Amino acid sequence: MLKSIASRIGQTLIVIVGVAMLIFFLLRIVPGNAVATMMSEHADAATIARISAELGLDKPWYVQFWIYITGALHGDFGTSYALHRPVKELLLLSFPNTVKLAVLAALVAWIIGVLAGIVAAQKKNGFLDRIFMGFSLLGVSMPVFMVAMILQYTIAYKLHWLPISGGDSLKCFILPAIALGWNSAGSIARLTRSTLLEVLQEDYIDTARAKGRSQMGVIVLHALRNAMLPVLTMMALQLSSLLSGAVITETVFGINGIGRLAVDAISGRDIPLLQGTVLFTTVLVVLGNLVADCLYTVLDPRIRKEA
Amino acid sequence: MKKFAVLLLVLAMVFSFAACGGEKDTQVDVEPGLLRVAMLSDMATMDVAQTTDDYFVPMNVFDRLFEVKVVGDGVTDIVPSLVDTYSAADDSVTYNFTLKEGLKFSNGSALTASDVQFTFERLLTAGGVNDDIPLEVLGAAELQAGTADTLAGFVVADDLNFSITLAAPNAGFIAELTSPAISIVDKETFSEGFGMKIEETIGSGPYKVTEWVVNDHYTLEYNENYWGTAPTATKVVVNIVPDPSTQNLMYQNGELDMIDLGELDTSIVESTYKTKYADKIITSRRVGLTYFAMNANDEYLSDINVRKAIQMAVDRDAIVAGIFNNQATVEHGIIPAGVWGYNEDITKIPYDLEAAKQLLTDAGYAEGEVTIEIAMDSTSSSGTQLVIQVIQQNLIAAGINAQIKTYDESSWLALRNSGEMDCFVATWTMDYNDPANIMYTFYGSEAKTKIRSLNYADTEVMARVAAASSIIDDDARRAEYQALEEIIVIEDAAWLPLYENTHLFAIGDRVADFTPHWAGYTNFYAIDMIMK
Amino acid sequence: MEQEYTLQIENLRSSFLTDNGEVKAVNEVSINVPKGSIVGIVGESGCGKSMTARSVMRLLKYPGKIMGGSILLEGKDLTQLSEKEMQSVRGGEISMIFQEPMTSLNPVVKVGKQVSEAAMLHQNISAAEAKELVLEIFRRVGISEAEKRYESFPHQLSGGLRQRVMIAMAMICRPKLLIADEPTTALDVTVEAQILKLMKQLRDETGMSIIIISHNLGVIAELCDYVYVMYAGRVVEEADVFTLFESPRHPYTKGLLNSVSALELEQERLETIPGSVPNLRRLPAGCAFCARCAYAMEYCPEQLPQLQEVAHGHRVRCHLVEGGAANGEE
Amino acid sequence: MHEEQLNPTLHSEEIIGEAETFKNQLLRLKRENKLAVFSAFVIFLFILAAVFAPLLTPYGYADEDIMNRLQPPSSEHWLGTDDAGRDVFTRLLYGARISLAVGIIPTMISILFGAMVGIIAGFVGGKVDAVIMRIADVMLAFPSMLLAMVIMYTLGDGIINIFLALALVNWASVARVVRSETLALKKSEYVEAARCIGVKQRVIMMRHILPNCLPSMIVLFTLNIPSSILAESSLSFLGVGIQLPQAAWGLMVNTGRQFFYSHPWLSLAPSIAIMIIVMAFNFLGDGLRDVMDPHLKK
């Protein structure tokens, strides 16, 4: 087991290095002079040249790459052109908000998704099944921004139940979390239902029933644990799509998170910020997948043995 | 099929839910004296030496020697702020100032003449973007080049008295000193973190910054050491809400005490604000103008007939009515309405499509032969983008093959600064109330017309523009500016003025009254916001 | 003599209710299980034997449903019990073990836990007590190193061991009846013998009754006291084990026996029953076996033969025995 | 073997066989999954709308009429006009072109490229495999939205660049699936046999492996279309995709967003269009997966 985890960590490191390289090269082929944007109206050529030098943009790309890599290793992602602050500081500021949003959204997605999946599987082909699966398909098919806008309109604007836009309190995160989680809830519900239906066909489910377990007992104690293995894998993958969706949710709800930072960085052509944001987020996802893999190993004794 | 029916049902449920919901007022408990506003983006710095946009903190946390006060509808007056008394020599070269007594920064240290001196010198040496005004002072070039250690033209007599000698006469100098660029900073406590760290950004204004959560919000609180009357808004929270429609909702939800309606589409202002919040609207002139630039170096635009045709082909009244619902006024010159020196009687460019076509035909151009490219900054407001599209259609109607090309912001700027851009639409907002601010910036020198891709050819006119600021007699100066304006706009057809926007704000229930910045800036003086 | 029965199945009918109509998988089946006896149900795949067993447990897979008849466990009709009452019957009074020991245990739960779960469900005991009970039953069913096995996951055990675990699980609450659905089919022959021996031994020790479901007549012969032969959802012949093997009367039973003896005698040509199990949707009105029957008569496809008692406790469902023609048949 | 075989719900599996042709599979889809058929019909309607857009509406997608901006739905403008006076219904029709193109073209590119790379990785193995799969890992590590945004940032706006960005984002997952199928096929007898008689590697890949990967490629194709459509609409919504005055649904939602509370149809209409087409492709993809590749069920 340890060996397999070690090799996974090794692979993860390779991926992280690859990610860092890809981001760097993607962002060095960019048109437009970022410094000119940053200085906007009043910049003359001399000022632009001076600031380019300060930011190291006049050096050959390999020197820049070296600076970037060694910096990133120390957690130094450079300074934002637009906000004049270390990217690290900005990331650390937005990170908690994105985490809050993602965790809440994941909770929404998993709770709704797994429960709906269970009920649907229970009542296979019944009315509830159809309703839930209808909703889940709607969840998978609705663009995140649409859900976000509708929620904002109904719950916040019309009903005044929750605030419209960002803020620090948990209350401000409820709507964005639902908007973001809705999508994942759909796919989790579908997956939970199908794996649960599959697992419920397994012989050991009969065994558990033959033991005298109630339907609920069978599902919770025997079926769910097995059905959750693929769902867990999916949850790890969902981390990536949650962060993708966070870009939109944060923009719509005005949450000061990493996604919005990325959008701001793009519109401001703020390369260090964009570089830092994407690198940070991606490394986060990679590490998340690593954790999920290890968790999987722990949860499924069959893999534990093979390792 | 049954599944599909269920889906339809679900959909219907979602939308009926979306449609329902009654209106009700939210009673939010807000502490008295708290002013909640929103801005589209966070400030990059609080240091006025480094920004020409982020003026909110400089305006509210710092003071200037003079301020512009709105004294009536569209009437402004320049009043001393930190300055107690001043006198100008007859030649408009040397100015003597006396500061008010007992001025203090928010940290308690005294504000003296040497702080003013430091402010001027720092703007020159900090490598920032706001050195235009200090550059007029005698010896500024030497200080900036490093050949002098001090600013020769700035003489400190004692703590309260100082004098400034300019390199050339400038009758508009006092007006220039009202610019937020000349915000007086504290020499004693000035440090590395100035502009970025709230505890190191010390001013003498009515507020001090107490919190800055980047990209989220920042908070200003009343500065107990402020020399003037205390503001009724004792605490100001500026939320960063990048999306105007969200701001709109927040205002309607009672989450904002003031909204800048300039960011919203006019139709929303029309349908929602002019009906539901009609008595909450505060109107201000956005002193400045939107113009259509024509590059005289362009193959076709170098022909004055083409420029004249374009001037006549653009239906500015339709733009003002159609896009802005008349929340703007058509401009005819360079000096915008609301600025000292504005000429109401300037010759007006008519809208005459047929005459424009005729002019082109007479000049020997075939239909569609004249080809120009209008460069559009992809980040420009939707209003500006619409204006560009309407202009394009106007020009096409006149037989000019006008193409819109979209550039990202930095490419757009780079192209414009290179002097190679064909045409574009942009807006200039006045920094201070003097024609020099726009005339000199656009037509003051060859370099200045090039950086705006105008490439105006008449060097004689440009020399006159540069010299106009030193005319001491106000009437003579005004006459000279107006004459130059007539030459550039009408005779040379080098400039197509479009319109001046009206800037609307809506105040919330907690606000009694609000006076916007004289030039209609988005940034405002929080002290001019009177809370209930 | 008044016979005491653990289980009496009377006229049980179970069907699959599909979109395309009802499929009668178990049709008017009556089976009696005398106390302490081992009853076998034989038949080919799809004859309804597992369905019968599952009906007893009321564990029919969707869309299966009990349509009629009664199932009396010591006089208590299981078909009338609520689901909740049924849960206490399952695992407590009746246990069941399944064909596939490989898949019948939850792969992610330790086997000890799975067995003790059964104990704790039906006896009001603590986890520690349950573990003691499990270890004891593990030893009784011949699982060596019981402590170590308790902590094992199913994939760490051999097939024979897993089936022993299943038996332990079934036995832990001392049920009145054990239903074993093809308990040894998936095991190799030596292990099979051990498991069968174990089951017999457990019966002898506890006096419980056992229903064995198998397509393997060898297993039946070795273990059972009574045998029911099922074909296409009906019992076609029933008798005590000696009678059935000595003098089978139904052509289908004979066919089954022949194919086994053919194997045992290592004959060149394997004698099998021609044809295959009929589709339950398209059963003839009469005898379901007639299409494969060498002795089928004109009216066989039309008329359903009744179960006839040909000797004490020996019943046959065949037109051949009705008219007495079957008697002189060989 | 026991009674479960009788379970009539599983009855259809009897006819799933190696030999079932694509045509038969489609026939079976038609017979068994009405919803998938209906979805195909809906998609067909969208294709018709996209192709015949100029015939269906008197307006052009970029025709502005500033004096008639933000009109409510009427007989002249079925879905009203947007903030530049453009006919929303017209833009919806033309937007279908972009959504369908964005759904199909980059998906096609990513499937072809991904399959090629996947087959090579799986078949050649060794270092080639290791390198390719590590690159795929790197691509898959990114949150797709961010990667697409960065690529769009680098390439600049425009539809071709969207195709490229989405193809670049998606190929890796295809490569993964195809690689694992190739690995399985590599061990099959007929590939072994072909190798033994000295058939060239390239020929084996083209003749034996590729055709066998086709079913899962087709299924991946239909299932990746909706995610591509959603991705494009999200990019355009954020302003890094299609630019005005082009008509793309995500862009229409974005420009209509500020009018959501006064003129909701501006953003609701394109939103619903996106939802319907995505749903249709999802249903069709699910249906195809069920008939073509029962093992691909995730």
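All chains are identified by letter, namely A, B, C and D, in their written order; residue positions are counted from 1 within each chain.
FYI, a contact is a pair of C-beta atoms (placed from the backbone, for glycine too) under 8 Å apart; a residue touches a chain by one contact, two chains touch by 3 or more.
Worth saying up front: this structure is predicted, and the values here are computed from it rather than measured.
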Chain closest to the middle, measuring from C-alpha centroids that were averaged per chain: A
Pair of chains joined by more contacts [C-beta pairs], A-C or B-D: A-C
Distance between chain centroids, defined by C-alpha means - chain A, chain C (Å): 53
Chain B and chain D, separation of their C-alpha mean positions in angstrom: 47
Chain B-chain C separation of Cα centroids, rounded to whole Å: 91
Chain C residues counted as touching two or more neighbouring chains: 61, 99
Sequence positions of chain D contacting 2 or more other chains: 156, 239, 257, 260-261, 279
Residues of chain B whose C-beta touches two or more other chains: 3, 7, 243, 249, 408
Contacting residues of chain B [partner chain A, same complex]: 2-3, 6-7, 9-11, 14, 17-18, 20-24, 26, 41-42, 44-45, 50, 52-53, 127, 129-130, 196, 213-216, 239-243, 246, 249-250, 252-253, 255, 379, 408-411, 413-414, 417, 451
Interfacial residue positions of chain A with respect to chain D in the complex: 11, 14-16, 18-19, 22-23, 26-27, 29-31, 137-138, 140-146, 149, 153, 157, 191, 194, 230, 240-241, 243-245, 247-248, 251, 262-263, 266-267, 269, 274, 277-278, 281-282, 285-286, 289
Of chain A, residues touching chain B in the complex: 31-34, 36-37, 39-44, 47, 50, 82-85, 89-90, 93-94, 130-131, 133-135, 137-138, 150, 152-154, 156-160, 163-166, 168, 251-254, 256, 260-261, 264, 267-269
Parts of chain B lying in touch with chain D, wherever the complex brings them together: 1, 3-4, 7, 243-245, 248-249, 264-265, 267-268, 271-272, 318-319, 322-323, 378, 382, 385-386, 389-390, 393, 406, 408
Chain A contact footprint on chain C (complex, rising order): 57, 59, 61-62, 83-84, 87-92, 95-96, 98-100, 103-109, 114, 117-118, 121-122, 153, 155-156, 166, 169-170
